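What follows is a pair of complexes built around chain A, which joins chain B in one and chain C in the other.
On to the complex of A and B.
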């Protein structure tokens, strides 16, 4: 391999991508198993599944865009939009089930007034639960988080394809980096979070530091991989 | 209800299990390679899948040790982390070995990198995130190594070769790595996820892990039908089925051993209970 200024740019791109994934996870309203029973605010599944879902959709759309153009910005935008569509579709369909099947009013237990709509929250929180459904602020927060995740995924994928020229391998490698960052971030929030208004959101610098170290080790390794054997 | 019979159980120290896992898996992968190259066929690729099972058992034990402390995000996250670290390590190890001209040492290089990376992630989890789980570093080192060995073993089972170019062509470009990723992840994370609770027993959890590993071997066998041909693929499917069946029966007995009572619902004949 040749080590030049491009290599450093690739390393930086991968690290920034990993950081975007790690911080983006903090925006997504993850409710875990309690949310699946409408006893907590957020989407009723784990962080890793949501991060993987949005990240992979972002990766796929970025890969599709990459097959037609080499323009970095178009690829990044497509990745972000792909992930946003995926998370928004999940939240919307989940909201229908919470509203029309479970019959729970959407309420956040972490704030008294929804920061976006200004609606009062505590009267609607059922006793013994920590909120239900996906209130407006969570929806907006989730969209931001998905955009960051998709952007991060595309940002990891783009330099990898430039380095080894193999889209399939780059995608798998990007998924590996993605999972490491998403899991570290989800450990940081202890499994559940409502969005940027949640007090737990203030812990994001921890995830930032962790993802920085972890992604740096992975990025240095990623740029050493060269296309060999006629791949 | 039938009289409770004595079922063969076991209890292995984590250190001992780690040695079995690492040595068994590495030796198994190289044994598979030697058998394949000496006989000039790819029939023995299934030995790679058997080698992966050693890694799986080590990983499943690490999952049950770490997750017993409670990590707040559910067991699947740690399994995905393990396989994520493993994927990166495998690609790196095989590629670097090939670049340095020592293609055969790829397994060792991947393993060493993954162990170091796992230790660093464990250190981060404890120091930066404040988990304060005393065995976190140790557990994640094990898990990272287990993920790497599982992926390597099953990669060999699909490609029948340790060469970087062959593995990329047969496993990565075909997308079969996604199957290894999820099936291998299941084999590592599912046992504790299925058996957790106050009465969780090591032997029951690990037997469950080998059982799921057997099913994963069936899946890789189906993939091998396309890459290695009918004979090698069929051998792998049959071996996977045999492993699954043997350990399923064992697991069923262990589950009955640990249950306070076993009553039939009428769906199964009484002789099956």
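On to the complex of A and C.
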């Protein structure tokens, strides 16, 4: 391959995509295993898996869009929207179970009043728990996080396909970079976070720096790889 | 938009709904995901039990493994041996179910044996009649997801550029993430702790105190599947079905080349509607249940 100005642009696009994923994970309200027992606010699963589930759904949408058009903005927007649809459907179905099966009102233990709706939170937090369910602020935060994850995934995928022309290999590499950044961000928030209103959210510059270094190394490797055989 | 494409998208939505439901029930029978922390803990706090205990991995990676295994076999049969699509997918799903059977059995033996010091037994009857049930659900999940991938790659236009194992990997991760986020709450938040006060999350003090008696006799994992299949499973199916259907519907109804803006705007519309619906759920739960009695803080409800 030839190393020219386009290669530098591709590397920059991959780095920006990785940073979007890393910061986007901080917005996704994940409560980990305790949330599955309605013991903590947020979605009852791990940060990385949820971010990956939504971001990679966005990647599938972006891959489909890129096979028919080379309009960058349409590809990026489709990736973001695909990811938002996945995480919203997940959070909504989770809310049905919290509201109609466990029978618990939604409450955050990190703030006294929901910053969006202004609803009071502490009177609704069950004794011995740190909140339960997905209040409006968490839902909106999760939607923003998924949009950033989907956008980031599409932004990593786009230059890779431009370089090697192989969608399958580009997708696998994009999934790999996605996981690296999601795991780094997950360490930064120690596994659980409620969204942008959570005090832990202020730690995002740490994840930003580490994702910058990790993605820069991966981006250089990624642009050098070319497919051995067609799939 | 063509009628055939719409029919295929509807079929994909239906397959995804079935896949989501069976995925969640599989994790409930095997007690695989987040709520398994309580099953693990139960024996350690003096409550040995007859619940199946397989935590091969988190739900998303393990389902990604089954679906990719099925998709790789289907891919080889389709591309290498020109087998019929449906046969190839069924054969792939059978392989995935066999893999799952091996890992589930070893996980149950390993986990239960490691808790021998807490008086936790290995029940061979549980292994005999629960493992085939887990394998059957894995077969359904991987069959449906593999078929969705085959439809996206070979039948639906525009054809998806990824090969079916990559799509199987992504949908497997997604269905696992959804099953882990949605269905687990019904199992962990409700079924495992039915004797605590209704209408609250699990108090940390009650960790490990899972229900061990069933409607008749001692509770086992099939009883849990019976309960969770009523609400947790269908909700998971609905969430995954919505994801697959809405995401593909907008690019089938609107041409992705000439009407990309409309397809994106339609997606944003769905997102806004779901945000509003969640807000409705929150308001309705607060109104119906009210604040917890005994709250002594200063902030009014």
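The criterion applied here is as follows: the second predicted complex is superposed on the first by the 226 of 231 C-alpha atoms of A that agree within 3 Å, B and C clash if a C-alpha of one lies under 4 Å from a C-alpha of the other, contacts with A are read in each partner's own complex, and residues count from 1 in each chain.
We take it that a residue touches a chain if its C-beta (ideal position, glycine included) is under 8 Å from a C-beta of that chain, and two chains touch if they have at least 3 such contacts.
Treat the numbers as computed from the prediction; the structure is a model and nothing was measured.
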Margin query: For A:46, using the defined touch cut-off, is the partner it touches chain B, chain C, both, or neither? Pick first, second, both or neither.
Written below: both
Checklist line | Of chain C and chain B, partner touching more chain A residues | finding: C
Item checked: Contacts of A:183 with chain B and chain C, given as first, second, both or neither -> first
Next item on the list: Would you check which partner chain A:172 touches, where first means chain B only, second means chain C only, and both and neither mean what they say?
Entry: both
Notebook entry, point to check: Of the two partner chains, chain B (first) and chain C (second), which one does A:92 touch, if any: first, second, both, or neither?
Noted result: second
Check: Is A:108 touching the first partner chain B, the second partner chain C, both, or neither of them?
Finding: neither
Note to self: One more residue to check, A:215. First (chain B), second (chain C), both or neither?
What the structure shows: neither
Check: Looking at the overlay, does A:141 come into contact with chain B only (first), chain C only (second), both, or neither?
Finding: neither
Margin query: Quick check for you: in the superposed arrangement, does A:33 touch first (chain B), second (chain C), both or neither?
Written below: both
Note to self: Is A:120 touching anything from chain B or chain C once the two structures are fitted on A? First, second, both or neither.
What the structure shows: second
Next item on the list: Check chain A for residues that touch chain B in one structure and chain C in the other, and list them.
Entry: 32-33, 46, 49, 52, 168, 172, 175, 231
Margin query: Touching residues of chain C toward chain A in the complex: what are they?
Written below: 33-35, 37-38, 58-61, 152, 158-163, 166-167, 169-171, 173-174, 176-178, 180-190, 192-193, 198-206, 231-232, 235-236, 238-240, 242-243, 246-247, 251, 256-257, 260-261, 263-264, 267-268, 270-271, 274-275, 277-279, 281-282, 284-286, 289-292, 294-295, 297, 299-301
Item checked: Complex contacts: residues of chain B adjacent to chain A -> 71-74, 76-78, 80-81, 83-88, 91-92, 95-96, 98-99, 113, 117, 120-121, 124-125, 128-131, 163-166, 168-169, 172-175, 177-178, 181
Next item on the list: Enumerate the contact residues on chain A facing chain C in the complex.
Entry: 32-40, 43-46, 49-50, 52-54, 56-57, 59-61, 63-69, 71, 74, 77-78, 81-82, 84-86, 88-106, 112-113, 117, 119-129, 131-136, 139-140, 143, 167-168, 171-172, 175, 231
Item checked: chain A residues touching chain B - in the complex, by the definition given at the top -> 1, 32-33, 46-49, 52, 166, 168-169, 172-173, 175-180, 183-184, 186-188, 190-191, 206-207, 209-210, 213-214, 217-218, 221-222, 224-226, 228-231
